[in-house]
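Following this message is one structure expressed as structure tokens.
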Amino acid sequence: MTALQRTWADRGGRGGLLVLAFLVLLALLGPLALPDPRAQPDLATGTLRPPTAAHLLGTDHLSRDVLSRVVTGARVSLSVAVGAVLLAVTLGAGVGVVAGYAGGWVDAALMRTVDAALAVPRIFLLLLVTATMERIPLGALVLLLGVTGWFGTSRLVRSEVLRLRALDFVRGAEALGAGPGRIVRQHLLPNVLRPLTVATTLAVGDVILLEAGLSFLGLGVQPPMPSWGGMIYEARPYLVDAPWTSLAPGVAIVLAVLAVNLVGEALAADRGGLPA
Amino acid sequence: MTALLEVRDLRIAFPAPGGDRHPVDGVSLTVAPGELLALVGESGSGKTLTGLALLRLVPPPGRIEPGSSIRLDRTDVLALADEPLRQLRGRKAAMVFQDPLASLNPVLTVGEQVSETVRAHFPVTARAARQRAEALLAEVGLPDPARRYAAYPHQLSGGMRQRVMLAIALAAEPALLIADEPTSALDVTVQAQVLALLDRLRAAHGMAVLLITHDLGIVASRADRVAVMQAGRIVETAPTAALFRAPAHPYTQSLLAAIPRLPRAAGGAT
Amino acid sequence: MTAPLLEVQDLVVHYPGGGLFRRGAPVCAVNGVSFSVARGETLALVGESGSGKSSLARTILRLQAKQGGTVRFGGTDLFALRGRALRAERRRLQIVFQDPASSLNPRMRIGDAVAEGLAIHALAPRAEWPARVAALLGEVGLDPALAARWPHELSGGQKQRVAIARALAVEPALVVLDEAVSALDVSVQAQVLTLLTTLQQRRGLAYLFIAHDLAVVAQVAHRVAVLYAGRVVEEGPVGSILTAPRHPYTQALLAAVPAPDPSAPPPRLLLQGDPPDPSALPPGCPLWPRCPHPARDAHCQAERPALRPVGPTHAACHHAGPAA
């Protein structure tokens, strides 16, 4: 049985997977069936239309179709989150393995750096950088979210590696004459994969929220490109008069984060058929 | 005397390509209060799985087949709901696992692991639990228990870890102790101390022991009865003396014939 | 005589006492152990639980640091080697760990675990690995089909035999076997011991055989060293040690062996109390507080006895004489 199958067997995990699959499908296929998110069909006659058959979630203050924008926003928000997390996890795993396996001053230097970085709130770092930039390109945003997101992962991986190093099978590989590369690839990484997957999944939720927060402050994804947080930012003035404009992206954020966390928790509870 | 443990027709299935495998295939045995039943047999014959099944700890995807029956102190173990099952584990029956290092938690000190078990089963303060844990570690013959309380599993020798496992199993004062190779890492003098402790607990509290072992010297000197297992089945059960005198099954005979023996000592040792 | 294959001299292994044990009082696991093993020879290492056997084993393989002494393997100082040279030398010196369950990578299938040494040292073309693995598993009495399984799907004794097969796969010159047959039933055990002996005769393989089961030691060892509190207290040919031991500890050990015969008298427990605290070893004889020797005296408490020839063996006891 694969980890995916076991997550599916978990009730929460299955719900999370279904919602995620739904969101991803929507992001991939939705734009084919829906109106152009940039179109402003009746800008002249009326904006902020409530939901109708033509605009299932209504239109916004620029008369754009909200559903189209939520769906296109899903592409942006989800790919920013996934990209940033993949970058963060790669960095974190790399640093964690090196620190845990090399030990000594390498470990000390890396971990003190991580301690220092963790002492500064991430949102503060992000605000500092984004606020100084005029317009932040999407790639830079991914980079930024990734580079500020690996500290916790590196700690987790390091402590796992330290635990594994004390076990005889790592010593046994050394005794067989395995070099550091092989020990890391064959013996350490496969055994940190599970906690790493859990951490990764949960981090995706965090980053969706972070990106939404930044965009909501006008510091993340820049209009007119739709992202969930950015949509809420743009909809602020109409919160009372046209609640659908902010509600739709809000619900999307909650659903995505919830789904990701459900999957993460199912993965965390799963022992992968290994003995306790 | 009524049996404390009564296992009938226990079958354990593991899914495998081309149909289920049954590493335990129709095991029946009984253990009376205070009795020591030795379970011996081929490596891979299903002894450990049988022991795990008694606590419903068969690792998934393995499962106990319908038609099996395990009665422990008149409770139907296989019918228990989760909560009563948790209470049964430890208190009615506890297990000493075969692989100490793999079964101990690497990030907790061994003392914490013993006192945790004490607190899980008795309403005592943390301090009382700690004292009890130290006493237990002393009883199983761990030298300098007060200090080793704070040691992590990897800081102990193999035999010390084995004694810690035993202390954890004894912490809840179980009616039945399932001990899977509990002395394989102990030298004969420490081994004798540990076995004497089990004898005392059997005499004082009527604790029953299901002792899984390969050491036929221990079997000969300590067991009341012996069950011999091969390929998932029990092929012979007999009182110890009778089994050693006249083994009935060919496998038992070959086993007894393979026992390595010490050379005759000049001065009468052995 | 040719130079020994493995030569250990005055080896000292201490664990730092910081943190959990009393700060500044290191755990003295091995305190000046010397011995040698020749090609084609089996030296058995026996001794009380916690006497430092596994620490000694790991240090000989250079899997942990030593605080003193030397380890020479095939004439070279193992602790002086670095990088590639060290890894190449390691092939000839293998170990089977005491805890089979934690000595196998839970994320590596049995077949890959056994073949790992072949891969590291490119000992055979990849296409030949499965056949080699199957042959090795067969030799230790395992069904070759187990190659496709994960370690947690094996019984204790099966894992132990996989660990043995894995060590033998690289055709070493010396194997350290730390309680390597303790989880095997006597008939499988006999099969594995026969395999070890055959390999020894065929290839001149040497073994450092750590075991608690003295009957097994009798079967495979040429010489025996008895460890107590991190020191060798008696050393000699297997026949003498097991039938006419000179050191009181060895005598107590032998007296405690339960006979595989229900009608035999129960074993005698001559040793009471605990072994000495390894972080505060006494200045005199380490056995003194619990020594069953009738001649034990104040001299024993004050001065540590050195290893000296007593009859056919060497014993570290002031009063060792003819067999008690």
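Letters A, B and C name the chains as they come in the text, with residue numbers starting at 1 for each one.
Basically, a contact is a pair of C-beta atoms (placed from the backbone, for glycine too) under 8 Å apart; a residue touches a chain by one contact, two chains touch by 3 or more.
Everything numeric in this text was worked out from a predicted model, so none of it was measured.
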Most heavily contacting chain pair (counted by C-beta pairs in contact): B-C
Farthest-lying chain, centroid of Cα atoms versus that of chain B: A
Separation of chain A from chain C, taking each centre as the mean of its C-alpha atoms, in whole Å: 51
Geometric centre distance via CA averages, chain B-chain A, whole Å: 48
Rounded Å distance, chain B centre to chain C centre (Cα mean): 26
Where chain A touches two or more other chains, by residue: 167-168, 273, 275
Multi-chain contact sites of chain B, meaning residues that touch two or more partners: 59, 101-102
Residue numbers of chain C (touch at least two other chains): 99, 102, 152
Residues of chain A defined as touching chain B within the complex: 1, 163, 166-168, 273, 275
Chain C-touching residues of chain A, taken from the complex the two chains share: 167-169, 171-179, 182, 186-187, 190-191, 193, 273-275
Complex interface listing, chain C residues touching chain A: 58, 61, 63, 87-88, 90-91, 93-95, 97, 99, 102-108, 116-117, 120-121, 150, 152, 163, 166, 170
Partner chain B, residues of chain C touching it in the complex: 15, 20-22, 46-50, 53-54, 98-102, 152-158, 161, 178-179, 182-190, 212-216, 218-219, 239, 242-245, 251-264, 266-267, 269-271, 274-275, 277, 323-324
Complex contact set, residues of chain B against chain A: 59-61, 101-102, 106-107, 154
